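In what follows, subunit A forms one complex with subunit B and a second complex with subunit C.
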Partner chain A sequence: MLMETLLRVLIGGIANGAIYAAVAVGFSVIYRSGRVFNIAQGELLMIATFMCMALFGTGMNHWLAILLTAIAMGLLGLLIERLMLRPLVGQSEMALFMATLGLLLILNGLGTIVFGTEPRLFPDVLGTERWRLGGIAIKESNVLGTALVVVTVVALAWFFRSTRTGLFMTAVAESHQIARSLGVSVTRSIGLSWAISGVVATIAAVAFMSGRSVSPDIATIAFVALPVVLLSGLETVGGVLLGGLIVGVGQSMAARWLDPYTEGGASLIFPFALMMVILIIKPQGLFGWKRVERI
Partner chain B sequence: MQQASQNTNPSAPPPPLLSVTNVEVRYQGSILVLKNVSLTVGEGEIVALLGSNGAGKTTTLKSISSLIQSEEGEVTEGQIFFSDAPIHNQDPVVTVRRGLVQVMEGRRVLEHMSVEQNLIVASAPIKASRQQLNAALEEVYGIFPILSSFRHRQSGYLSGGQQQMLVIGRALMAKPRLLLLDEPSLGLSPIIVTAIFESIARINRELGTSILLVEQNAKVALNIAHRGYVLENGRIVMEGTREELLGNEDLKEFYLGISASGGRRSFKDIKQYRRRRRWLG
Partner chain C sequence: MYRSCGSFSETYADDMALLRTRWQWLALGVLLVALVAFPLVVSPAWIRFATISGITIISVLGLQILVGLAGQVSVGQSAFMGIGAYFAAVAAVKLQLPFPLPLLAGAFGAAIIGILFGLPAARIKGFYLALTTLAAQFVFQFSVVRLPDNWFGGSAGISVARPFIFGTQVSSTTGFYYLTLPIVVMTVFATLFILRSRVGRALISVRDNDLAAEVTGINVAYYKVAAFGIASFLAGLAGGLLAYENQLAHFEQFTLFESIWYLGMLIVGGMGTVLGAVLGAVSLRLVQELLTLAGPWVAQLIPGARYDIAFPMVNVVLGIMIIVFLIYQPRGLAHLYRRSERYVRHWPFPY
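Now for the complex of A and B:
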């Protein structure tokens, strides 16, 4: 009985952790290149979700619709960078952050106007099977969605470590000045990171929304991804998987065992409390870059 | 010999690879740091730019490479030409692509990346195939074999000398025609400095790379340089060939000051030394 509950809690936690990781990785890709804390990451997820649904509505093949959305989101990322962030080059990190806050409000408003506030059903693109594991049902879409996120994050981590373009972007993450002195175009890297982030938002939408009822509020999921990214460390790519897992499972445990006594408060507070504790012990997060002191 | 060449080639000698002419540099549009600085680096030369702390050496290099832009610095008068094209106040990435690479002061490795990743990043300006990239890596490893044995080590954890070798080797990945080196001896032990300066001379000799070498350590720089300039308070106050500078009384006295530092010295000596140090230190 306890075993079964535990398993159920774990499975739910992992599925949630995957979406947090997917949003968090979009966050860290942008932060690394431009030191911009893109608070509007959740809005990108929301736009991707509704763009997909709008295309599904035309009756086209689901995978074609997803591909088109990914391309459009990549272009939207480039456009945002070009129109909102590049003019602010050289401004303080606070100014850049405020720009993304503006972006959040614009996209949020736009989402509500275009898509309305009524929840709608996102089609079951990842399948409707229910598999059984130790007496509990697991949704096929959750398993495939989690796998999709893991593959995406691992692929991104590989890209930043092993391809030339990825290494240029990692160099930009280390130091704009060094990158520039080596002939690496910083603006190109930042633009590319926004494009990647747009595409990742599309993958996250497909991975998590499949078979769920969605409304523009889904953007608020990014607020839980925020502790995940700080917990994992702002510069890490692969590390968000562990951060997402910890927050997702921890939150799911808090929801099962603490929420009954706290009127649902524990699971809301948990990610932030955990983040605070980690940041006190390890300010750069689990896998973030600690600046090596040089003599 | 000279006459013969004059007879066969009546035109002027070829223009230098780098020419800085009457350059004035300001930060934030007002802080005047370089005044009327002129210098040249010829094809295949090692030229030393000497001067004490705050003289404007780094500013000179950064105005050539255009890296002053990220510090709101600007060339406000004069011109800088590199292989016959003006390069001042342009995008620093374009300058690197043209074949002019600056190695910044302070061993600026990409500290979370491995030695080899540092090198690969620096191949950005050349559109290298996989084979060309490997050949470029092997060339750097040939000059600095220690980098080869540490190729997978995180560069932030290398010793100071190894980091200095890495940043110089890294600059070679772009196949530069001119290298700007900013105080490669800073904070390193004499043995390491000797090894590094031997490598710099070798790069110049074997790869034919021209070098503008900024140093506070005049002795070690003039050991390998063909010519030199002395910068003080943002102005060039002395220039000459290696022999001329080594024969210069002020420089000589400075060296004597250093070699005599083991013995007793009067306060007057120290004052004298400090004054010399202002431009030679």
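Now for the complex of A and C:
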């Protein structure tokens, strides 16, 4: 009995952790190729979700609609780089962070104006079957979604570690000035990272919104993904899988054993409490680059 | 500091004076008279707007000390306002304390919690620290509802009666305006003095270069945490006033969006000056008010748009303003004001 509960908690946690990892990888892709911390990542996810649904509404093939959304989100990323970040090149990390706060307001407002606030049902694109594993039902869509996220994250990690372009982008994260003096285009690197992040938002939307009811509020999921990216370290791409796993399973355990006593508060507060602990004990995270300051 | 030609100091006292010339005294007098006379000439809706703007000014001044002076970004200012509002409400309703005391309870309560969330400042800086304020925002929102109902009223919030002063209740909009005004003016001057004191100088040095500050003997961690304390103190004061004004302390008034708006006010107004905080708070509240008034009109123009269009519209416009100011005028409205002032002084000469 306990084993079964434990397994159920574990499986639920993995599914949740994967969506956090999917959002977190958007943070780290942008951060590690331009030192911009994009707080509006959740808004990108929200826009991708609703754009997808609007295209589904026209009756076109689901996979074509998803492809079109991915392209549109990539273009949106490029547009953001061109309009907002390029004029701010050379500004402090703080100014860039505050600019993305402005972006959060804009995208959230536009999303609410265009798509409305009432929840709607996202179609089942990943199947509706339930598989049984030792007496526990597992949703097909969760398994496929998790697999999709893992594949995406591993592919991105490979891209940043082993391709020429990926290494260029890493160089930009290390230092704008040095990268530029070596002939790496800073603006192109940041633009590319935003485009990738838009596409990743689309993948995350497909992987996890399938069969759920969605409203513009889903953007807040990005704030729960913040502890994931802090835990794994802002500069790592592959590490978000482990971070997502820890936060997802931890939250699901808090939901199972602590929530009955706290009216559902423990699982909501858990990620933020974890975030405070990480920030105090090990701010650079598990796989992040430790910066040593010298006088 | 910029001074016009012919205005020079002969004594140290002169040199330190906030108001240097007779014209400045006159301008201050005119401004104060205008503020006192304001409710006599406008409708109650605008008096309420002025009260809310005043409360916003208090909160943004706190943020100015934390962000503009100490250089630590905070996206949790409205959570600390909320904490202040709840503490003030509990002090006023449950403990039945007489009027000014609940405000102080709110302010000190918020300051203590602000210091708690500021403690990581001893180890981290920059936007990592901003994330702890984000955590404060969410922990506040999620926990207040779920604490036992007889602590903070659960999802209903706490109703607060308007305060009694010398036995009479300040129930009218105008009355509450006159109650808020002196508190706002006092906060403005207090912030001016903090800016010019050792604390203010120390905070500026921490912002500009924390290593250099440390080497010159400034306890960086202490001052950063102190900045969190002062910012939350003013936020708590503002929150308490807001609870009295709305006659309700409720967590839905203190959202992440409000926090980002406060930061936006600072960016639009200008970092590092009291004038910037005041200009930013008033101008963005004005934009918000106008958009709220215009909301139903715009909703009719867009086919299929819903009536609740004002709030997202405010978000879009504020977001655009934040980005435009960051790109084109990072020193904000305060700098524009100073430039125009200089232009008028030198006119007809260019410099």
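Methods note: the second predicted complex is superposed on the first by the 290 of 295 C-alpha atoms of A that agree within 3 Å, B and C clash if a C-alpha of one lies under 4 Å from a C-alpha of the other, contacts with A are read in each partner's own complex, and residues count from 1 in each chain.
Definition applied: a residue touches a chain if its C-beta (ideal position, glycine included) is under 8 Å from a C-beta of that chain, and two chains touch if they have at least 3 such contacts.
Values in this document were obtained by computation on a predicted structure and should not be read as measured data.
On the superposed subunit A, the positions of subunit B and subunit C stay apart, so the two partners fit side by side. Greater residue coverage of subunit A by touch, when subunit B is weighed against subunit C, goes to C.
After overlaying the two complexes on the shared chain, residue contacts for A:182 are found with subunit B alone; subunit C is out of touch. With both structures placed on the common chain, the touch criterion links A:68 to neither subunit B nor subunit C.
By the touch criterion defined above, A:108 reaches subunit C but does not reach subunit B.
In the superposition on chain A, contact of A:144 is made with neither subunit B nor subunit C.
When the two complexes are overlaid on their common chain A, residue A:79 makes contact with neither subunit B nor subunit C.
Contacts of A:289 after superposition: subunit B is touched, whereas subunit C is not reached.
In the superposition on chain A, A:171 makes contact with subunit B only, not with subunit C. The superposed arrangement places subunit B and subunit C with a least CA-CA distance of 17 Å.
Common to the subunit B and subunit C contact sets on subunit A are residues 295.
Partner subunit C is touched in their complex by these residues of subunit A: 37, 84, 87-88, 91, 93-95, 97-99, 101-113, 116-117, 223, 226, 230, 262-265, 268-269, 272-273, 275-276, 279-280, 283, 293, 295.
Of all residues in subunit C, only 71, 73, 75, 117, 119-120, 123-124, 126-132, 134-135, 138-139, 142-143, 145-146, 211, 215, 257, 260, 263-264, 267, 302, 305-306, 308-309, 311-323, 326-327, 330 touch subunit A in the complex they form.
Across the interface of their complex, subunit A is touched by residues 65, 67, 70, 92-93, 96-97, 101-102, 104, 106-108, 110-113, 117, 120-125, 156-157, 160, 163, 170-171, 174, 187 of subunit B. Of all residues in subunit A, those touching subunit B in their complex are 161, 164, 167-168, 170-171, 174-185, 235, 289, 291-292, 294-295.
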